[in-house]
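The structures considered in this document are given below.
What follows is a pair of complexes built around chain A, which joins chain B in one and chain C in the other.
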Partner chain A sequence: MELAEEGVPPVINLTEVAEREKEEFEEKVSKLIIEFGAENLMACMQCGACASICPLARTGFEWYNKKLIKAILVGMREELLDDMTPWACVACNRCTEICPRNVTPFEVMLAMRRLMVEDFALPTLTIEGLRSLYEHGHAVYMTGREARKKVGLPEKPPTTDSDEKALQELKTILKNTKLAELGLIPMG
Partner chain B sequence: MVSEAMVSEAETVNENEEKKLKFGLFLGCNITFNRPDVEQAMRKIFPALGVELDDLAGQSCCPTWGTMPSIDDVGWCAVAARNLCLGEEKGIDLMTACNTCYASLNEARHKMLKNPEIMNGVNEILAKIGKKYEGKAKCRHVAWVLYKDIGLEKIRESIKYTLDGLTIAVQPGCHFLWPSEVYPDKEKDPFNPVVLRELCEALGAEAPYYTKLIDCCGIGALRSTDPEKSFALAKDKLECIKEELDADLIVAGCSSCTIQFDDVQEKLRKEGKINFSIPVLHYVQLLAICMGFDPQQVAGVCVTPRDEIIKRILEGGKR
Partner chain C sequence: MTAENKPRIGVYICHCGENIAGAVNVEEVRKFAEKLPDVVVARDYLFMCSDPGQEIIKEDIRKGLVNRVVVAACTPRTHEPIFRKACEDAGLNKYYFEMANIRDQCSWAHWHEKEKATEKAKLLVAAAVAKARLLEPLEDRYIELNKDVMVLGGGIAGIFAALDLANAGFKVYLVEKLPSIGGNMAKLDKTFPTNDCSACILTPLMVEVANHPNVELITYAEVESVDGTVGNFKVKVRKKQTYVDWNKCTGCGACLNVCPPKARVPDEYNEGLNMRGAIYIAFPQAVPKKAVIDPDACIRCSGRWFGEEPRKTKDGKPILAPCEKVCPTGACSRDEPRDPNGELIELNVGSIVVATGYRVMDKKHFKEYAPDSPNVITALQMERLISATGPTEGKLIVPSDIPKYLEWKKKIEKGKEAELEARKPHVITFVSCVGSRDERYHTYCSKVCCMYMLKQAMLLKEKYPDLEIYISFIDVRTPGKDFDEYYMRCRKLGIKIIKGKIGGVQRLPDERLLVKGYDAELGKPVELISDIVVLATAMEPNMDLKELARKLGISVGAEGFLKERHTKLYPVDTMTEGIFICGCAQGPKDIPDSVAQAKAAAASAMSLLAPGKMKVEPLISEVDQEKCIGCGICENLCPYGAITLVEVNGARKSKINETLCKGCGVCAAACPSKAITLHGFTYEQVLAQIRTIAAKKVVEV
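== the complex of A and B ==
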């Protein structure tokens, strides 16, 4: 018996398929999240252990750890960039401690922040904190010193606040980090 | 990847056990500007317990989560490493009463020891200011220094006032516990911590287990992103403390938890959402009061009143 011409299945070029899949993956959020520090992202089995103890899940934030990981794995992007959940993560690492697959979900949260920063999708308070870190060496900084005086301490603490050389050192460090490349704050 | 063995090899700079205990007092931002009474408490209790303190002149923010950690690993670790260098150069470890500083500095150290790429990147940056971090100096937590290096016996001997008859709700705080992998000292069960409870018991108080003992206080990123959710979380825990323990006092191991429970109670009371008031202290403040230091100096900054409980402690004497 002879096979009809049209019955012959087309030859599948495996190299081409692999390349196409690679290109698709390159564009994916998941690759960026891995690059930004969540190396074990792909090991997630969606067991939900991390969500069961996450303060964000408990207080009703939209994209808490397990759900964010799922969304990243299915390739969502725009919806995630619009949501501030990663900026509410308290970095408690309950999720890291409990995850049976060593995914370190906190690193996924952090990587998501790092991805959002590149899109300038970050809260004003975060920019303020960075600016204050650069200007004073303290992310939380107060000019009022009544409390220090009240408890009998010198107004100036022994930090970058009273040490110009140390502050310049810190500024030099910050100028040589990715913060300077991003141009989020003036770094004169 | 560097092996675990290398991580533990670099574990300590205080090699000679016989040497007098000495630590670099790492202050961070919140203690320095918001709760300097916690700083003053540390400056009083440690020298009295035979521990020498170094000021780590020129120290900065640890850096906290919303800053460099949200940008990239090398920048985070470089700022942390500069702080750690201030101790390493003097052959001492750092010591903090703020859980965020404790976590940020130790997570950064863990990353640098585990990943030579990060360590090299950091040291390239540090070279520009003439520094190099070798991974030796780490950051210790005040509660662990008191528990392990000084010991409950010495604490018992050092106090002038005991807390007999008082019930304390302890708040160890998230970054005292997790991720346990990165910390120099670890609870046997990080989901059932006992160190802070035993420290409180050493002062004569009861410090029982309660169901929300390990819950988050809700400060930090959660509070700055959505205050209402943060307050709701804190309210849940406060109500649990009231119902299950009817505690006389909340004692935290972290300056940020101290701020949160102190602030939030006042706010919730004003809004008519709770009708009780439980004073909040950091453990170092409670110990300082029990050791006889001036409460105005070591516990003088709060919004939820502390006067009554302090009066009760001082009137009780040593029983």
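== the complex of A and C ==
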């Protein structure tokens, strides 16, 4: 895990944050997050219910749901790009179920991932996962094919991986997503 | 004593559920009471004050079994009237009743010493019986009530109290310290949570109350002294000198512009954001719309004061002051002398409603927030800055550029072409709890700041969406109807919240401000540069509130606001009967609460005065003038001014005014010749109680 604090200065200069947002970007970060699926972002009152049950918060990640939302609300962006927290989200969805304002913090996490991908701020492991998804239909590719053979199973599992037609369909779909536009992985 | 009237005492002991029975052995006390002298019956019941409980007592009275009643239960403060009424209903003089407090003063106090509690209960019952043997029948008195009411303070609370009373047919004197009614609400731009324009909802009420046939409006006046008691207050009111003949003044405003720059002082209505002349009308929508001259500001232009001969020009014409010259009706004439002390009038009223409001704490106290910067303002100044009747007609510019704006306006008015060079703010920061919740100033929460900061932020953000607005909160307090929904609206508008109180503001050379805070939500210190910093300074008691309270004989709390008789049950009453309080004079509150309280105070005054007379307990002092030696000790001690020394057959004798006497007993205790009897607490009765308790002690030793 990277140091979560990297990129975040000890004192947050809100003026700089706001000015950078205005000058360097076309859209406010909050607006992008809303567009990326967290429609109710602005209703957050920072009660902290989401953080109380968030596995990320409980395992020491710095920018867990509540804090991430606050950072977005004041216009922080650059400071968060190097942070790993959104990629560590396990999508348990408990935050969304507990939220008294229907902010859907889980959607904020996913929206943040989308924003990070657009800035190519994503871990190498994620690129590996995407490549694998494109090539085999599995984000986490199965190893141990020898073992499968030994027990008499086909080398590839009976999933998209072994279904050429399905795999082509998946590739077509992925080529039509933002992924192709970003050129993160070779899409031959 | 006839056999008929020989005391036959009934003792009734209450369990008060577990409250008494939990510590006191009620059966033991009952058996003990049964054997006391003159006691014919002793009974106990779970709740003596309940309907079946009272019925037990009534039945014994009706059957002729008892003719004196002792109830051993809770406190006479709340329950004596209930049991007295029960006695009366059953046909017994209600002053043949005595109460022993074996709950508050016994079971509660000695909860963990049950045996001692039982012994003490016995003593208290015995003492009550000893007194009951000596009780005398008394008759209630009635006093006539003056039905007129004085309302002090012409803000929103005073206006509503006056209107409700006047509409119910009561004559109301509405007394206001300033030249116009309207109070602080008249300074507000819009009001939460509906964002109604303050002037639009307030000014019609100002007109209505001023024109009401039952209301006599007395503005620019203050209470000098208050004498008398409920139903018959005598209030001396000093009408301050206006130096303008209000019978002639039409409020045309011609005089306002001719007052020279040297005579200009900070304009109170605009919270000092601009200047007004020495002659001024409080504000354009003032009621009454009349001018006054501020004698401290006036520079006596023409070289003469009121009543002095005018200086003459070379050709013999009198030199007049500019205001005098320009006035079309002669209201500003300085020909007649004017008494600087104004006029003292005396009014008789039956009740007084105090609605004198609050003041906003000044920013000067808060050195940490750069109070010297013109761009650090109080929230009330912000109201004026965004108000269409404010110094900039509602145009949003940084306060340091208001002088530039006023110059520009002057040029435009003269028909010149000019460019307004005033800077518009891009960032505004609100600082919460300035002087509130702070041991150094006021420990209380001012209650309305969270909401008005949100309101101002909302109004600004809706009008200027590009404005960056930060509000710092220790925590957000929005407990009112539609209030939290209002807060959410602000959040959704993109107003940024700093969760934590701003700790410092630094003035920058370009008149912007460096704001330093800590955001608990980010868990980090934050800082930003702001064009305007708005301080939500505390609501505090008016400077003269303590003095007014002293004149009225009512008390103020430790925080300096008027104290209600009981926080929950008597929130608009005071310890002085007939005087009611409402609005922010009682404590910080918003407009809905002030209005509700004003209406409550008006209703309380009405229910007091409507019958025209009031029952008064006969438990007051009486002088036996045969015994009185005329020493005058009682006269000096009486806290109600009820005692005077009069001449009777050539000798000085004490005389007690029955209407004024409250039955405190100070005079009776102090009288060296035992000439004063406090009915209901005679020497014999009190001594019998004390001796009973003492004797028991002796026996125990």
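One rule holds for everything that comes next: the second predicted complex is superposed on the first by the 149 of 188 C-alpha atoms of A that agree within 3 Å, B and C clash if a C-alpha of one lies under 4 Å from a C-alpha of the other, contacts with A are read in each partner's own complex, and residues count from 1 in each chain.
One rule holds for everything that comes next: a residue touches a chain if its C-beta (ideal position, glycine included) is under 8 Å from a C-beta of that chain, and two chains touch if they have at least 3 such contacts.
No experiment lies behind these values; they were computed from the predicted model shown.
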item: Which superposed partner A:Arg58 touches (first chain B, second chain C, both, neither); value: first
item: Touched partner set for A:Cys92, first chain B, second chain C, both or neither; value: first
item: Touching partner for A:Gln46 - first (chain B), second (chain C), both, neither; value: second
item: First (chain B), second (chain C), both or neither touched by A:Leu73; value: second
item: Partner chain in contact with A:Ala18 - chain B first, chain C second, else both or neither; value: second
item: On chain A, the residue positions that both chain B and chain C contact, one per complex; value: none
item: Complex contact set, residues of chain A against chain C; value: 8, 10-15, 18, 28, 30, 42-46, 66-67, 70-71, 73-74, 101
item: In the complex, chain A residues that touch chain B; value: 36-37, 55-56, 58-61, 84, 87-94, 96-97, 104, 106, 110, 113-114, 117, 122-123, 125-126, 129-130, 133, 137-142, 147-148, 150-153, 157-161, 163, 165-167, 169-170, 172-174, 176-179, 182
item: Chain A-touching residues of chain B, taken from the complex the two chains share; value: 27, 29-30, 32-37, 39-40, 43, 55-61, 63-75, 78-79, 82, 100, 103, 125-126, 128-129, 131, 174-175, 177-181, 190-191, 215-216, 218-222, 224-226, 229-230, 232-233, 296-298, 300-301
item: Of all residues in chain C, those that touch chain A in their complex; value: 427, 468, 470, 476, 487-488, 491-494, 496-499, 519, 521-529
